[in-house]
Amino acid sequence: MSKKTVTFGEIMLRLAPDGYYRFVQAGSYGATYGGGEANVAVSLANYGLDSSFVTKLPAHEIGQAGINSLRQFGVDTKDIVRGGKRVGIYFLEKGASQRPSKVIYDRAGSSIAEAVKEDFDWDAIFEGADWFHFTGITPALGDNIAKICLEACKKAKEKGITVSCDLNYRNKLWSKEKAGEVMGELCKYVDVCIANEEDAGDVFGIKAPDTDVTTGKVNHEGYKDVAKRLADRFGFQKVAITLRESLSANDNNWAGMLYTEGEYYFSKKYMMHIVDRVGGGDSFGAGLIYASLVGMNAQEIIEFAVAASCLKHSIEGDFNQVSVDEVKKLAGGDASGRVQR
Amino acid sequence: MSKKTVTFGEIMLRLAPDGYYRFVQAGSYGATYGGGEANVAVSLANYGLDSSFVTKLPAHEIGQAGINSLRQFGVDTKDIVRGGKRVGIYFLEKGASQRPSKVIYDRAGSSIAEAVKEDFDWDAIFEGADWFHFTGITPALGDNIAKICLEACKKAKEKGITVSCDLNYRNKLWSKEKAGEVMGELCKYVDVCIANEEDAGDVFGIKAPDTDVTTGKVNHEGYKDVAKRLADRFGFQKVAITLRESLSANDNNWAGMLYTEGEYYFSKKYMMHIVDRVGGGDSFGAGLIYASLVGMNAQEIIEFAVAASCLKHSIEGDFNQVSVDEVKKLAGGDASGRVQR
Amino acid sequence: MSKKTVTFGEIMLRLAPDGYYRFVQAGSYGATYGGGEANVAVSLANYGLDSSFVTKLPAHEIGQAGINSLRQFGVDTKDIVRGGKRVGIYFLEKGASQRPSKVIYDRAGSSIAEAVKEDFDWDAIFEGADWFHFTGITPALGDNIAKICLEACKKAKEKGITVSCDLNYRNKLWSKEKAGEVMGELCKYVDVCIANEEDAGDVFGIKAPDTDVTTGKVNHEGYKDVAKRLADRFGFQKVAITLRESLSANDNNWAGMLYTEGEYYFSKKYMMHIVDRVGGGDSFGAGLIYASLVGMNAQEIIEFAVAASCLKHSIEGDFNQVSVDEVKKLAGGDASGRVQR
Amino acid sequence: MSKKTVTFGEIMLRLAPDGYYRFVQAGSYGATYGGGEANVAVSLANYGLDSSFVTKLPAHEIGQAGINSLRQFGVDTKDIVRGGKRVGIYFLEKGASQRPSKVIYDRAGSSIAEAVKEDFDWDAIFEGADWFHFTGITPALGDNIAKICLEACKKAKEKGITVSCDLNYRNKLWSKEKAGEVMGELCKYVDVCIANEEDAGDVFGIKAPDTDVTTGKVNHEGYKDVAKRLADRFGFQKVAITLRESLSANDNNWAGMLYTEGEYYFSKKYMMHIVDRVGGGDSFGAGLIYASLVGMNAQEIIEFAVAASCLKHSIEGDFNQVSVDEVKKLAGGDASGRVQR
Amino acid sequence: MSKKTVTFGEIMLRLAPDGYYRFVQAGSYGATYGGGEANVAVSLANYGLDSSFVTKLPAHEIGQAGINSLRQFGVDTKDIVRGGKRVGIYFLEKGASQRPSKVIYDRAGSSIAEAVKEDFDWDAIFEGADWFHFTGITPALGDNIAKICLEACKKAKEKGITVSCDLNYRNKLWSKEKAGEVMGELCKYVDVCIANEEDAGDVFGIKAPDTDVTTGKVNHEGYKDVAKRLADRFGFQKVAITLRESLSANDNNWAGMLYTEGEYYFSKKYMMHIVDRVGGGDSFGAGLIYASLVGMNAQEIIEFAVAASCLKHSIEGDFNQVSVDEVKKLAGGDASGRVQR
Amino acid sequence: MSKKTVTFGEIMLRLAPDGYYRFVQAGSYGATYGGGEANVAVSLANYGLDSSFVTKLPAHEIGQAGINSLRQFGVDTKDIVRGGKRVGIYFLEKGASQRPSKVIYDRAGSSIAEAVKEDFDWDAIFEGADWFHFTGITPALGDNIAKICLEACKKAKEKGITVSCDLNYRNKLWSKEKAGEVMGELCKYVDVCIANEEDAGDVFGIKAPDTDVTTGKVNHEGYKDVAKRLADRFGFQKVAITLRESLSANDNNWAGMLYTEGEYYFSKKYMMHIVDRVGGGDSFGAGLIYASLVGMNAQEIIEFAVAASCLKHSIEGDFNQVSVDEVKKLAGGDASGRVQR
């Protein structure tokens, strides 16, 4: 029987100029939907799981289009609450070469940010669920939503549902201090912690020595220490960290590390030409969840998660549009990109 | 010497699916800028006046693009204040045949809605100005902005600047009662009042008898009474009313009436195939202002204003992209649409 | 509790040049999905019913995209069988003025056309269903699929499910003789018969006198006779006929008639500017089914069905993207197309 | 055996904003090719004739793309001379409702305008030809090209090739006086004269009384007089005149008249919704040539020419993309625009 | 005098999402035409040869557009037979980075696949021809078409026309066994054999040792052996093999080898950033044919063929849009990509 | 107080196919404006200077759109003269990999090329100006315009305005001899000379030994000699040279050198993935002017100029759309292209 996952968070309208046009050149915006948690939900549905996404969206058509964007990929949207005033928006300008990508958030006052406790009946939502996932963005949206997150975590724990959290620190949403405090409380209920090369430092002050993320140098040894300290502090079963080396806006190296039961597992490293960088971390998290749920071993898990997210970087939009077979083929070693006829 | 106008209000990012696609079908949005007051400012610049637009916009690129959209048509943007958090947005779905156009506003919390008194130095702004224009939308954005409007009106009056106001009632922004109260105060300073076939009734309870705007029937006699009562109550020098008969989302009849010095002047009526309906009223106001400023007589003014706004309905986007010559040619009687080689 | 409908038939990839470009000018094709039965299923989901669509589609991505196109609007696709070789395609060139629209079918060999009896478990499919709908296109795809249709009809009848059929004659798929024979057998199980102004004549030789569909003249009296003869021959509870007057490729008049329990009910007539004509009849059928299922009376049913399909003509693509509220507003008399803010 | 036609003139790069965007709004231009004579050549090829087009185009890719645009529709381009400096350009802004279409020519200095006598070997070009066509635009490009035209006319005459000329007066290219003088000389060699409702007046001062082309009123009787006087002055075998009534940029009435052997033949009149107006007259000329070459009678000729050009108004671009069958179907009376499946 | 070539095979409608969008994201498909043999025909016409393409296409507009796509580049299409039911289609999703391109064929039942012997009069077709080219795809379409190929080969041989064949193995069309058998028979009549790095192994079991095409390593020595064994078995005058190293979907190394008269000639190797990979092999074949026909020596031939096909990888669509001059400039050593003003 | 710059030259309509399409594949052209001098003016306005652009443009809408393109970025256009016949055009085909970009100029007869002395009142134009910039393209347009350039240079000199000139040799416009002669005269008035790796050789015969620009090898030592010789001959205060290594149409290395007061300053070298190469040199010049005007030291100037122009290569269109902050961030060492949230 298919595993059921529940993901909780925001889905935003993403407005991005075509190709490499800058904001001031844009006469139109590609309109898709995405967000750290929605991206995970779509990936899980694409892998064939019974993936439910929980959020709040306004009752108008811009909200409806967000639901449709999830439904088309088979995400279960029946627990999405309708109401509130607006859909959060983010504007994305794609970078190239030495010019970085740029994100402008316009998410204040969104329906989910202003949701209330009564909007969500977690007993009903978690019925039959095997896994609960959220990210550090959700509690950052406001105190109310942070409390709702906490309630969900506790309820999941009670029901024996595995809980994963991607730290996903966003400095536009809250301070490091506030993040550390709130996330510290939530992490007590988390089994699987996911982070990128900066999150642990930003949120919990746990940094990898000798790493400068802007020069493309990553000190792998340092991340072993980060993972261990995270696991030790919160009792995580698994800590997974993405290791991105940014050579330019077009070229990144990409790898990951999984720490579990005292052991460190490093994936292969991929040299990527980037089509769309946004959602890369989310696709890693989704790969990790899927691989864990279907019972892969630790090395397989990290290889699956990294291969899945490597492929994401070749795909337009926030959502990772790949199948289990495609991920396995890459994880299995065929990175030649030869035409499949 | 060129006349100088000052227009005060909001400029929003307008997001509209191509052609006749509905919101739920949109994979991209055409991104232009517009708004009741900005539209007037652009028209006036297109007619060759020294047109200044005053608003507040965030310091980021989405705000900058709004400024650029005004600058390209020669609007003076040097008095636009930069700051605040977001650009107001409106989503527009173009109707066809029996299906109406649909507008979803997402303008709460915009920089201009949250502007403060100190943002605007009206003495400096009005230097050399001949005309000040605002609409009923601006004070509807919040109590603070209503007070700023009032301050501007008073200052304009002091300086002998003509003040015009388009009533422009928006029921999503405020109640009829609130509108009546606030606009009633502002109208004391207004010389030229512009309204559509519904505004006077919505804002001041002054209605034209025997008119049902949804059946395309307009009782011209009734509007004479409306105009007279408006002028009598507030002492307007001029009252101008647009008379739209909606046959379908594609076909409207369009005319206007000007009441001044006790006389009524009706324009020709145009049967329009609509390309883009939004901004129709604003282009009427701008035509009226231009024609008044350059000293046309009453019949010429209403013909110019109606011909200008008739042409607007054939143009994509909020802004009316026509020249004085083009308006005069139509007002002069050539409505054949023959190719100009 | 929401009513459940089951619709059975084909969903095709629709490839249409933008705007009014002819096939020989097309450098790209808009790619959507549609088909007489899928269109009905989407409408019913848009009205909030529990709408299931049953077909067979290849396991590859072109098939998957067809499923996604249905899922995004909330159609239940879990009974869609995956397999076979190809997705049926139709090419659509939109007409204008005196130039007619043109459809080129490339549907031979599609997965559904080559489906076999074993592909469908009607007992499971019909679980909880209230209504079963198919059209004359489905049995026309081949003898095998005609037999599957018959089996479905019988099974539906056994279970007390209401059965509706849109005659939908396509002369490229089968001869009038063959159609008459096969449809004659299927119609024995049909409760609600839907037809356009030509179908009854093409399939059963039952024609309205004094009607020439190419000159825009429709003899309403004649259609009363057609409906009565259809009902008498097959014992239909309801016969609904669309009455299209084609003035040009852009302008059609549109109305409908419902015959039930010996009475004739005519709808209002709408003068339409056409955005997209394809799927007009299907949206009529879906309106009829919805209105019947929720218990409207006969006059309300025909008004709802005609208003729904009138709106469809203003919408791009095969699918009718309208809500119950929008249909009711038009059926209630507001056809002015005024902007909804 | 297929008839061979030779058409001589200019082919320009046509740059037109999408849809109804004005020049100042255009971020891109649709790039097609067209011109009064090239349009005729393409129509004739589309009707299955052996249609050769003669011009001069630069050796670079912008010139080559012009040739390709002709070749794709089967026009014989082997007599096109390569050389010179530039491709003539025209910018086209499509009008709507009361706003007229606008054409800006940028054709000075084009390769054909600066062609020399030695570029064309008329003996070779006319080998096997049955018909030679040019328009009043070609000699207007310069004195040199006018002389080349004259040489071609004389040579055609010598060889017994039928010569047709569309007067096509363009006031941006030459004065009425100059046009009258040059065209007067050329018309001595012309057998079939084609004109629109203004040309005869502009070029030869032969006007239809009581006609105002900007009000949509056309005095048919007056055109009988115009045609007779043209035929009498130059000895034309046939004079064909298009009769356009411009109601708006979107709506025109369209008909034609043929005068031959002392008799007047009027076509049906079509009420057209316009997709693209440019090339309308050229498609009339091409229809006339085709119908004449295949031996239709006078009434059939004018009906074919008018139906062909009526259809052109529904097609994007300069070229008329219709088949003989499509024209005959419309000329035969089916103007309903019903879908052809 | 220009050399004449005849190419025989299929031309398909190619439907490809824009940029790097995946099939499930596509809202429109770029619509061009292509196919292994048509691509060669277009290249040869672009090089100025008298290039004829022979196939069968349906009489409708989708077939006509295929013909037009060839005609625009000057391919002679007069021997294309019109009839049959459908145009073969292939869907192309462009890969990026580690994500491979994907091709879905929908070509069964195409007009050419169901063509019959009587459709082609090879005596007429070969009149004046110097070269005949086909590929392994054509006989793979069906037994009938394989027989037609054989007939054409025999007839060409009789007439002293050089015959070239690109092995072009497609495993979706036939088994290796069947391919080996049929191609073995056809190769008896072939003078010039073209293959990629896998074909010889797939079709004839002749493999290069120590080569793994998915890791980007190519053993050049091994291919010398392959070429020699091919030549020895079938008596080919020339064997040309492309040597592709797939580093990623974006980056390939590209080179070629020619074996003739006992000698091996290797080209320069190019490191390519890929714009469009499809048709790369075909452009190599066309370069080889052109270079051979105009009498280059062996080293020049392989350099021309490889440079031509290197350029193809920078061009969108199946067709190679380059001139002889452009190829020679690259073959001559300027690979800097500096702007040509 | 903001510094004021005056730039004099041409602004052209730039017509470029989307993406990597070749001219013969283009069905539409992206329409932007650009030109060596206009590009500098826009950059300077983007950096916040009071940047005025002086040229002549026709009074029609294609000319107006050029002005609008400048105004939107805040360039002062009030000294642009309206008149003359045409806007210069250039067609741009973007290269990829081994295929070079291609530019076709169609600028003869443009309004600016045919401008006369009386069109420009340099006393008024230079009022309050700090810097005057022109390039070698402007005098190349014709003898008249060369004289106007000379007059402007003399006037600027008189007024103590710094004069900069980008040599910008274009072999399609004039011969090396003519260029050397005219530029030699103008350079007497120039303070700051800007050149690319070829200009000094083309215009003045001053070449860097051991450099082959088509192989991507640049001999830095040689350029020191070039700069010194230029400065010695003309008495330039500063000589700045861009050093481009063309590896392919997609990949260039980019650096610059500044020679001033007897010292040589080399910038960092950037490895660029190119989005749009046109305007690269102009953005270097603008960076140099800005950095000089705000008082940076020599090393800072060359780093700013090179970083600014490095970023330009990542931006579509001629204009460099970057802020001072963005340039400083790159010049300061962060070239990682990491997302800016």
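Residue numbering begins at 1 within each chain, and the chains themselves are lettered A, B, C, D, E and F in the order written.
Note that a residue touches a chain if its C-beta (ideal position, glycine included) is under 8 Å from a C-beta of that chain, and two chains touch if they have at least 3 such contacts.
Predicted model only: the values in this text are computed from it and were never measured.
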| request: Give the chains in contact with both chain E and chain F, ordered by label. | output: A, D
| query | More contacting C-beta pairs: D-E or A-F? | reply | A-F
| said: So, comparing C-alpha centroids, which chain is the farthest one from chain B? | reply: E
| field | Fraction-based call for chain E against chain A, same above half, different below | value | different
| remark: Cα centroid separation, chain A vs chain D, in Å, comes to 62
| request: Averaging only over C-alpha atoms, locate the centres of chain B and chain D and give their separation in whole Å. | output: 44
| field | For chain B, residues that touch 2 or more chains besides their own | value | 19, 22, 24, 27, 68, 73, 102
| field | Touching pairs among all chains present in the structure | value | A-B, A-C, A-E, A-F, B-C, B-D, B-F, C-D, C-E, D-E, D-F, E-F
| chain A-touching residues of chain B, taken from the complex the two chains share | 15, 22-24, 26-32, 60-62, 64-65, 68, 85-87, 89, 91, 93, 102, 104, 106, 108-109
| query | Okay, in this complex, where on chain E does chain D touch? | reply | 68-69, 71-74
| request: Would you mind writing out the residues of chain A in touch with chain E in their complex? | output: 19, 73, 270-275, 307, 310-311, 313-317, 321-322, 326, 330, 334-341
| remark: Seen from chain B, its contact residues with chain C in the complex are 19-22, 24-25, 95-103, 105, 170-172, 213-216, 246-251, 277-278
